[in-house]
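Listed next: structures, encoded as structure tokens.
Look at the two complexes coming up: chain A is in both, with chain B in one and chain C in the other.
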Partner chain A sequence: MRIRTLTRPARFPATLESSGVAGEGPPTTVPKRSPHRSRRARSRDRLSRFTLFAAPGLLVYLALVLVPVCITIGYSFTNKNPFNPPTRWVGADNLTNLASDDEFLTALGNTVLVTVIVTIATNAGGLAIALLLDRRGWLYNVLRSVFFLPVVLSAVVVSVIWQAILVDDGLLNSMLRRLGTSNPPGWLSDPDLALYTVSWVIAWQGLGFCVVIYLAGLQGIPQELQEAASIDGCGPLMRFRHVTWPMLAPAVTINTVMSLIGGFKAYDQVQVLTNGGPGPGTTSTLAFEVVQTAFNGNHIGYASAMAVAMLVMVAVVSVIALGLLQKREVSS
Partner chain B sequence: MTSNSKLLGAAALAGVLVLTGCTAGSTSSGNASSGDKRTLTFLTFETPNLDAKYWDAAIARASAKVPGVTIKKLVAPSSDRTGYAKQLDSTGQFPDIMIGLNPAGFAQAGKLVEWSDTDLANYAQPRANTYGGKVYQLPFSTQTTLVYYNKSNFAEAGIDAPPRTYAELLDDSAKLKAKGFNPFVVGGGGKDSWADMFPLMCTVASEVYKETPDWLSQRAAGKVKFTDKAFVAAAQKVADLAGKGYIDRAGLSRSYSDTEQAFRDGKGAMYPMGSWFSASADTKKPSFDTGVFAWPTDQGASALPSNTGGGMTVSSKAPDVELAKKWAKAFMEDTENLNAGVKADGLIIDIKGYAAPDDMGPVYKETVAAYRQAQTANGIVHSFSQETGDGSLPPGLADKAAAGVQDLLSGRMTASQFGTYMDEQWDKATR
Partner chain C sequence: MNKPRAWLRPAAALLAGILFFLPIYLVLVNVFKDGSDIVSNPVGLPVPPTLDNIQSVLSRPDHLFWYGLMNSTEVTVISILIVTAISAMLGHYLARSNGVLAKVAMVTLLCGLMVPPAVILTPITEVLRTLGLMSTVPGLVLAYVGYYMPFGVFVFAGFAKTIPREIEEAAAIDGAGAFRAFWQVVFPLMRPASSSVLIFLGVWIWNDFLNPLIILGPAAGTTVTVGIYRSIGEHQADYGSVFALMFLATLPILVFFLVFQKQFVKGLTGGATKG
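After this line comes the complex of A and B, so read on.
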């Protein structure tokens, strides 16, 4: 009962009278509420109090998310170019032009590939590492921090570090040369390889987040279930398949959806590591293409249409993934 | 409570408007005067040569000459200050004063203040970059593209003198490669892809601009195309150099500063680069002697890609335009600032009566000599992709060209495909 009280406190009583504790405590000076006070007034009170507490967050959300999104949607129906006024309404022309824009379609293809790689790599790698770290001891605590460290670093910082490692005469290729590889790969300079390299860097940075979520999931699995499965003769693989994996369903949902969103938003790493190259659009992602079109080409209206298309795609993919994974949680 | 709700609602609405004003579409410059002083924002950029210390000292010197101004320094996150200025402009934070900005687009949209003939009286080439006959950037210096070379590598390969014709350049490259030296260091990758452009700048100068100096204006008028023979020939020369293994493709992943370091480290014998490299070659001398020559044309005639401008531009919405102009001119024309710019960035100053410090190093002196020689021979042409003024690339096309050059260097695009790609990008940028 005590735990229940702590985790889910009773709603703060509006008055001492209504809480049913009147007369139990010391004499109170709280004035008696008018018997004529209507239910509407009480709910208005509650709404005011809610607004008071929610206002700062709501304000920031409105100003920094909703209003810019609405402005962007508005721009997407115009030919806005700050260097070529006047701005005219073009209807859905921008959105329909996207369907035949090679650069946009290339960026879309790249984004999908990055998203798939990042989602699979972070989840598979994160789960594997979480299973290895799901033990007690100072060493495991240190390792958990080590794996989480890249998550708290700026993507730009991470990209600069990886750039030093991955350039043709960088750390990795120097090591490969010392090991006897005469012509090591151009991780960032080979157009056929660069997108995979960028995906790797994004996945590497996101891995720690998945590890933490999976570790939390693993530590929430009752030990009794594992023991019961062992007594029933299940080996480690069977226990993973029939106990651990189903019980990790909520963690899989969170990690998958977050990785999908992260993959679709990939920008910083592309900007720093490859600037969309080598060559036209080789590693260009949707977010990168939006920025290039808006701020290099000055086509704000067209870039806004790209951003709106991206927003819709991310929302649809996330909702579908969330629906499917939550269905799996229920059946698990 | 009803009044409370209204109050909260009004506060929330006001908050949203204030915050939104800060993030999208605000036209306020966000500047304020503090006491008697007016605060003006100044957009700079940092490079290995022009570091924070250089800018801070130069700003202090200019501010000392113009009382009543406080300068708030803004630093572009990369050397692409023009792209950053666009971002700031789109969020209503267009700086009051900017240096090294490409005025294209800003000028035509009325975002910049025109410099008058009186303002330009001290400048040697006042009409170097005009937009519809008007000047928006102080043309205070010239930068040119030359080939810096490792004299030790040349000597070891048995090359006595720098090449004077393109055929000699190819011969020398072959000799260097045969001796185990990488002939050219070219880079970079990532955000520095602009630095891959230098070989093409040189070949466009010799193949295209030498014959047709206003080629880009003609392209704008639809009289010529990038698929025309001359431009494709320029691209073909770059593709051939890469195809023969004379240009190290490792450069496609290196940053600009790493590329410079690669030349310093002896990872290549020749380094086509802007004249600003001369300053660092003198002040942080590599382990070898550095020489310099102009990229040779087929017949040996002079065609040196150069760009005069690079100075201050002032926003037409600066809170005090006259004060901003006064400060910008004070910054540009201060002798100590010019000396510092010459020493730090190898600038060739185009202000009347200015003479570079006597203690400049040999690479700078050779660089200036090569430029003066080309001037005398009537061999100065525009730097492709770095042009400013009416005959310049449409916004965003320089970056597209740099991306295309990367494919040219990696062999994924032929010269004629590069021409087609450039025409497509031109049409897209100007639609």
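After this line comes the complex of A and C, so read on.
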């Protein structure tokens, strides 16, 4: 009720202006608009608005994100280790050591591989499923929810489910044995296979996100465009190539950037599924390596250098991906 | 398209859906089977169903599930309410300010969207320790409020631009102070943005693993998500009770999701269709 009365003048701004502010209400209700207000009062008013509305959010963000980022950058130039004081300034030593640290380079390679696999798999799979589900009816509605369901599950829950299925004597292998496979693969215990298994689990969970985004993109394509292409003699493949695909550009951008950032952050699945193993670091990712080095190894300085490297990479990759993909959006 | 093959699409869609759903199906049926049945017949339906697994999780002597549920609920509810309130004010403020400083603040906040949690976790523990909040629920809440501030501001600032300024001016003319005008007039109008922020953060915070694992630590109890992780170490092969714990831990978020599914998807797809 109150809102309605307040919005009324806004709907008719012309009325508001022509009737004049001063003549409308009693002068005591509009002290803020008074021309006699001093400059100091106005700046005090602005300050109080800032304190009230902006300061709390900015302060928390400053204390728990910006300052920590700066601390991480600062630590990356030290040998900080709470169990091995004193902390010394070591300059760029950490960063140069990273360049020849096999563990770090393995984690970097793993992260890139996981990110690439997950980005391609969720985009290709998501687009295929979205094309399949782009119809009306209860069946398609139910299936949409089915594919989206893992997105709202915790990565820990998803990893535990897949672990139960994929461990050496898990549900999948016992079924394979019953079907006559004498030596089923060690999905999580074979060093050559485990990283792909981890990628598979991350992609399975992220697929639904891409499906929903692509479905929204597909539904945003005007039917007339498809019909016009048909009349011009385009078959289904040509229509996809020349109408659907270019029109999906914004959806591709969102999905790719989200998958890239998500892949770089991958942590939970690694810890639950393989704990970085089997063997030294075969499935360890950058995020996993940073946390292990900082909280298990207590090499805070060195871990901070890794974190800084990771931060720079995430920033560069997102900026490049965003730039390239948005160019495609504009040109298509 | 051509009639004889009209069954192909629903059939293919159904098959893909079934294959995709298999892992979740395995959890759902095995929650209601006892241990020996799970090993001998993992795929079959639970006949007759048993509630033993669920009962054993609910009546654990260490109350892992109940403490986890309490912690998760407390952390999630308090965090999403605070983030929504504070980021709505900040987002609206920044959307209405034209100054250089406001622009700088906005860009700085947006950069925060892509900071991976692992990068700032060590310093966060130090900041919280300085404040005396390490290993406490308020400490975890504070960490979330900071980390998710950019997302909230991003959503609210975008939405605030669609609200005509005249509404706020009208409220001011009617004698409302800036604070009252915001909460009684502007904030109710931003309901779609609020529901997006509440739903997304609700799911993310409930499901989060790394932050509660490190910030709460073993001393201050666990959230349900960390509880699941801790319980898989204890009884490796006892899938029945692990699945039951996961089932119970996921139930609240599942109900939440089913109730708000429409808004959730709407929030997600906001940017996917724009020109």
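Throughout what follows, the second predicted complex is superposed on the first by the 271 of 332 C-alpha atoms of A that agree within 3 Å, B and C clash if a C-alpha of one lies under 4 Å from a C-alpha of the other, contacts with A are read in each partner's own complex, and residues count from 1 in each chain.
In the analysis below, a residue touches a chain if its C-beta (ideal position, glycine included) is under 8 Å from a C-beta of that chain, and two chains touch if they have at least 3 such contacts.
Model, not experiment: these values are computed from the prediction.
Asker: Between chain B and chain C, which makes contact with more of the residues in chain A?
Answerer: C
Asker: After superposition on the shared chain, which partner residues are touched by A:S189: those of chain B (first), chain C (second), both, or neither?
Answerer: A:S189 sits against chain B, while chain C stays out of touch.
Asker: Is A:L105 touching the first partner chain B, the second partner chain C, both, or neither of them?
Answerer: Touch partners of A:L105: none, neither chain B nor chain C.
Asker: Could you say whether A:L52 touches chain B, chain C, both of them, or neither, answering first, second, both or neither?
Answerer: The answer is both, since A:L52 touches chain B and chain C.
Asker: Which holds for A:A228: it touches chain B only (first), chain C only (second), both, or neither?
Answerer: A:A228 sits against neither chain B nor chain C.
Asker: Tell me which partner A:P280 touches in the superposition: chain B (first), chain C (second), both or neither.
Answerer: first
Asker: Could you look at A:V316 and tell me whether it touches chain B, chain C, both or neither (first, second, both, neither)?
Answerer: neither
Asker: Now for A:F83: first (chain B), second (chain C), both, or neither, which partner does it touch?
Answerer: Only chain B; A:F83 stays clear of chain C.
Asker: Taking the superposition on A as described, I'd like to know which of chain B and chain C A:L143 touches: first, second, both or neither.
Answerer: After superposition on chain A, A:L143 lies in contact with chain C alone.
Asker: Would you check which partner chain A:N296 touches, where first means chain B only, second means chain C only, and both and neither mean what they say?
Answerer: In the superposition, A:N296 contacts chain B only.
Asker: Do any residues of chain A touch both chain B and chain C, and if so, which are they?
Answerer: Residues 48, 52, 58, 60, 63-64, 67-68, 71, 163, 271-272, 294-295, 300, which sit in both footprints.
Asker: Touching residues of chain A toward chain C in the complex: what are they?
Answerer: 2-3, 6-10, 13, 16, 21, 24-25, 29-30, 32-33, 48-50, 52-54, 56-58, 60-61, 63-69, 71-72, 75, 129, 132-133, 135, 139-140, 142-143, 145-150, 152-157, 160-165, 171, 174-175, 204, 207, 209, 212-217, 219-220, 236, 250-251, 254, 261, 264-265, 267-268, 271-272, 286-288, 290-291, 294-295, 300, 303-304, 307-308, 310-311, 314-315, 318
Asker: Could you pull out which chain C residues touch chain A in their complex?
Answerer: Touching chain A from chain C are residues 1, 9-10, 12-14, 16-17, 20-21, 23-24, 26-27, 39, 42-43, 86-87, 89-90, 92-94, 105, 108-109, 111-112, 114-124, 126-127, 142-143, 145-147, 149-150, 153, 164, 166-167, 169-176, 178-179, 182, 184-185, 188-189, 203, 206-210, 214, 225-226, 228-229, 232, 239, 242-243, 246, 249-250, 253-254, 257, 261, 264-265, 268-269, 271-275.
Asker: For chain A, which residues count as touching chain B in their complex?
Answerer: Going by the criterion above, the answer is residues 41, 44-45, 47-48, 51-52, 55, 58-60, 62-64, 67-68, 71, 82-85, 163, 166-170, 186-191, 271-281, 292, 294-298, 300.
Asker: Would you mind writing out the residues of chain B in touch with chain A in their complex?
Answerer: Listed in rising order, the residues are 1-2, 4-5, 8, 11-12, 15-16, 18-20, 23-25, 83, 86-87, 89-90, 105-106, 108-109, 189-193, 249-255, 258, 262, 267, 395-396, 399-400, 403-404, 406-407, 410, 412-413, 421, 428-429.
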